[in-house]
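In order of appearance the chains are A, B, C and D, and numbering begins at 1 in each one.
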Amino acid sequence: MSEEDIQVELDRRRPGQSKIVTQRKEADQAEILSGLLEGITLGTPIAVMVRNQDQRSESYKEMETAYRPSHADYTYDAKYGVRAVAGGGRSSARETIGRVAAGAIARKVMRTMCPGYECIAHVKSVREITADIQPAELQREVVESNIVRTGDPLAAERMIALIEKVRSEGNSVGGVVECVVRGVPKGLGEPVFDKLEADLAKTMLSLPATKGFEIGSGFGGTQLTGLEHNDIFYSDEQGRIRTRTNRSGGIQGGISNGEDIVFRVAFKPTATVLKEQETVTRDGESTTLKVRGRHDPCVLPRAVPMVEAMVHLVIVDHWLRQQAQNARREE
Amino acid sequence: MSEEDIQVELDRRRPGQSKIVTQRKEADQAEILSGLLEGITLGTPIAVMVRNQDQRSESYKEMETAYRPSHADYTYDAKYGVRAVAGGGRSSARETIGRVAAGAIARKVMRTMCPGYECIAHVKSVREITADIQPAELQREVVESNIVRTGDPLAAERMIALIEKVRSEGNSVGGVVECVVRGVPKGLGEPVFDKLEADLAKTMLSLPATKGFEIGSGFGGTQLTGLEHNDIFYSDEQGRIRTRTNRSGGIQGGISNGEDIVFRVAFKPTATVLKEQETVTRDGESTTLKVRGRHDPCVLPRAVPMVEAMVHLVIVDHWLRQQAQNARREE
Amino acid sequence: MSEEDIQVELDRRRPGQSKIVTQRKEADQAEILSGLLEGITLGTPIAVMVRNQDQRSESYKEMETAYRPSHADYTYDAKYGVRAVAGGGRSSARETIGRVAAGAIARKVMRTMCPGYECIAHVKSVREITADIQPAELQREVVESNIVRTGDPLAAERMIALIEKVRSEGNSVGGVVECVVRGVPKGLGEPVFDKLEADLAKTMLSLPATKGFEIGSGFGGTQLTGLEHNDIFYSDEQGRIRTRTNRSGGIQGGISNGEDIVFRVAFKPTATVLKEQETVTRDGESTTLKVRGRHDPCVLPRAVPMVEAMVHLVIVDHWLRQQAQNARREE
Amino acid sequence: MSEEDIQVELDRRRPGQSKIVTQRKEADQAEILSGLLEGITLGTPIAVMVRNQDQRSESYKEMETAYRPSHADYTYDAKYGVRAVAGGGRSSARETIGRVAAGAIARKVMRTMCPGYECIAHVKSVREITADIQPAELQREVVESNIVRTGDPLAAERMIALIEKVRSEGNSVGGVVECVVRGVPKGLGEPVFDKLEADLAKTMLSLPATKGFEIGSGFGGTQLTGLEHNDIFYSDEQGRIRTRTNRSGGIQGGISNGEDIVFRVAFKPTATVLKEQETVTRDGESTTLKVRGRHDPCVLPRAVPMVEAMVHLVIVDHWLRQQAQNARREE
């Protein structure tokens, strides 16, 4: 375990990494403060610090007098009764640095303990442009080969063109991230409340700008009948019990069945747009607000490592629980 | 607080309540064992017991020799290494009785503390048949006036006809439940992980047969630009800060903003169908399985009170947290 | 796993088991409602129900008008604003039935997974009468051979005589329970907050009527110097690292070291005495109160299985955590 | 809220503050990284960083080859399978800096919300020298006026002399910290497991070097009869219900009754002594070990602010829970 393991993931999340994301300059350099000795974890908490650097307070002046539409300015004020505008405020997506750093550690645990474990997220769609690729075919090298992080190189060019057009208009777009998780041991997940898909749904909806989550057949699956939807069991050549289709998305009754876990997450268009918008001040007076400066016209490329990080954390948590409950039995 | 408060909700979830749900006969009678004295809660745990009654073991004989497709038979076996077929097994949706009972208590707390609080779920769609009604117009009396529990009486007849047709074919269908929550105080929800929509997503995906969750604009919102999607603030006649649209679905940055909370949940078609299906035995041998007996051709009508119950529980939890953190300040 | 495993422990806690405990007649019959099939746990929650039987409401009439001294009548009222006198109220030690039932299951897990695991508590002292026996010499058969449950048969007779004398005077006495836990694997316990001795202390102080906890050398150890107090390490014949003394009480830095865990718990004299006492009514008026009926003149004999039950629960929790964290490494 | 509020408590815990504590030079300077804006908390997490400074690795060379007796060297190694000797290792009491910093914040909350709230700990005894003062008479100024932090100035001199003598011999001593908490609202604490005294016991036993906890009458109370031990209720001039004695220690049935909370904690003599001791190496070979350098001959003076910090944290947690459950009712 090293700072390098963490830094590589932080760099995928970092602002300024390409022309289609925010041009804020942040090195996002991870410093491990505790828990490691010569590359070995000590069992004690691992503290990682990343200092803010390019925090231009003047860019956030507008927030002092007015609530930005569809941001969390108003709700944080309603909850805590105090405004805090520095760095875009308390609800800034900068908090996801911590998730990505922790996810890198969780990934290392899973890769060590379950060698076949692999999690690949990619941008499935940007507004109406959809990647033409199945989850089973996703390859990390392809996803990382284009700055929009989609598994379909042909769609990538059109997505990038759309994002650049939208940015030039001071507007923003949303889309869908799709994720496949391979090599998850069967048996992970808890009955009733802590179902594996429930924990995935929670963590995805805890990411900024997310509006939806679906697993396996998802909302589209409501158009099928039971006979069409059911995943038929069979035994493969190695005698392993498998399903011929995977509409369940790798989880049945809250517990992994050993098939690929496949899910999708909807991200809304970024709330920050560079056009004048109507709004109100803290006192309820009508006003207009025009945000200046740098912003993400589309969060999707930077959301990919965030989605993966949350998967690593959910899976390692359930893997630890399974170790506690059933490890001895397996042997 | 009384058994009556709980029973009325249990009756909405009960099997055998109408011709389109499973004809299993279960009284589902709640017995309060502790925590209440003459209608007053004592502060101590409230134990409610509902005994199983119509549990025909012979109906589950097939499970002993084969895994039912898209049920949790296989994954529970993979996790715990032991089969349990009585009553449909450990993953039976009968566990939702407990959720509905607890939800009835949570609802009572919220209705007492926040008098405007109201939660109405309804069946938005059954396969391709969609209710033509907006969340803001939903009325509980209309929803409860038809056995499919949709807010659109015209769609109700077509939905019922579809469900009856599908049942007669031994097949099943899924659909979408939509839910509106009114009168939620602003300020509920926690930054980062325990965002209000994250907890709603988790609890919805913890319900049996769910495959997706979306809030506000949801997946459809990915087709809009930021300028189209943002909810503009204004002050209403009472001087309250409101939003002109509600694509946020009542939650911004994880915290309620006082607008209606609106979300949708996808339910897959029931896995139990009365046709012969291929599958494997516990030893991996190929076999076929034909389930007999009673089943729900469509879980949606009975899912409505389950969705509401989980909302009550999530909201009351966050309301209690808000009381702890910020109650004094509000006064 | 069976009801028998649980019942044997409930019978050790049961009222009316001997002449020196309360003569309330309660069968305390355990009924397992869920989680077991033909003696095998299913992985799902195990619900055990024990119904109250000998609950004479007239015995608690006095509570309606006055607070019993050193009971929890007043504090529960202060907390919840509602009185509940039936069965001695919400703080009745009857809740320990649940602890003892759960402890029986935890004990079974530990005995299966760590065959050398054994936990023996006994009555070390009743007021000034002290058992003359070292923890290392404690034997379960000896403890169970006398109704006061002390490891020293000679002290047993004097303790019984004292309890009978005190009972005849309508008075009560307290004492100390000592507990030794053998065969605990080394490595259990978490740094900082969830130290093993911290969790033991919490659970012991959560038992009714407890006023103190000490481990290893305890309060007496403050009279030694560091050189006298330190436990010197050595290697035994099997090459295992051991300590020559055990003033640490089997735990160092919050983590078990493989030596016997030894601790003591102080129980105050029962608050229920059959003499008239001054007190106040709910309105603060001065009054006197004379409790009638059956009571424990000394809770110590019935506290022994409670202490053991809480040990089983703490140890199995930490054992599960250790399985999650470090199980693979051990192999 | 400011760094000053935290620093004043850190300085009470700091090494090198007087001649009777370790002479390690650590500024222990608190830097608040987040959660505060111009002295106002923002509702978001408050991160405080204190960097290690005087960390002489050579002082810990001995640890590399041998386990220090009655330290946690061996048990951490048994748990995690890896040695870490820098700075005295993972179980160093330096972690209590975080507790003291957090406690300072909790104290500020309590003082603001419950103006009469006050917590005073002091050194009740050092080995056989005992302070002659009752908890009700304790005054913070007196405690802080002597370097040993006892409430009895006469005992202070003898305690200091003893500690200096013991230090000159390379030995160490333990003792007892007593703590009184005034102005705790009645009604704090939860039935059954999270009793207020149970949480106090856990947090005290989670502090390094603690071996015992007793509340109110404690172990000594086992020498009384029930009639002698019971705290009689009466109404005071203001009509408040009070108890004439306080053997309960301010908590009855796990819930505060508004009287002073009084408890005592046993600290063993420091394990670090400057004499040669027998021990074993990691491989189980016999060896001797002589620790050099700076150490605390008696942890009691520095333990006083740690005990207070844990009290603040426990009380504020229970106060928040009470706000959530019962705040509305009180008004």
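Rule of thumb we're sticking to: a residue touches a chain if its C-beta (ideal position, glycine included) is under 8 Å from a C-beta of that chain, and two chains touch if they have at least 3 such contacts.
All of these numbers come straight from a predicted model, not from anything done at the bench.
The interface at C-D recurs elsewhere; of A-B, A-C or A-D, the pair that shares more than half of its residue-numbered contact pairs is A-B. Farthest chain from chain C, judged by C-alpha centroids: A.
More contacting C-beta pairs link the chains of B-C than the other of the two pairs B-C and B-D. Computed from the mean C-alpha positions, the centre of chain A lies at a distance of 26 Å from the centre of chain B. Note on chain placement: the centre of chain B and the centre of chain D lie 48 Å apart, centres being C-alpha means. We define each chain's centre as the mean of its Cα atoms; on that basis chain B and chain C are separated by 42 Å. For chain C, the set of residues that touch two or more other chains comprises 43-44, 76, 79-80, 90, 191. Every residue of chain C that touches chain B in the complex is listed here, in rising order: 37, 40-44, 49, 76, 79-80, 82, 84, 86, 90. Across the complex, chain B is touched by residues 67, 69-72, 74-76, 78-81, 90-91, 95, 125, 127-128, 166, 171-176, 186-189, 191-195, 197-206, 208, 210-219, 221-235, 239-241, 243, 247-249, 251-258, 266-273, 275, 277-280, 284-286, 322, 326, 329 of chain A. Taken in their complex, chain A has these residues touching chain C: 43-44, 113, 191, 320-321, 323-325, 327-328, 331.
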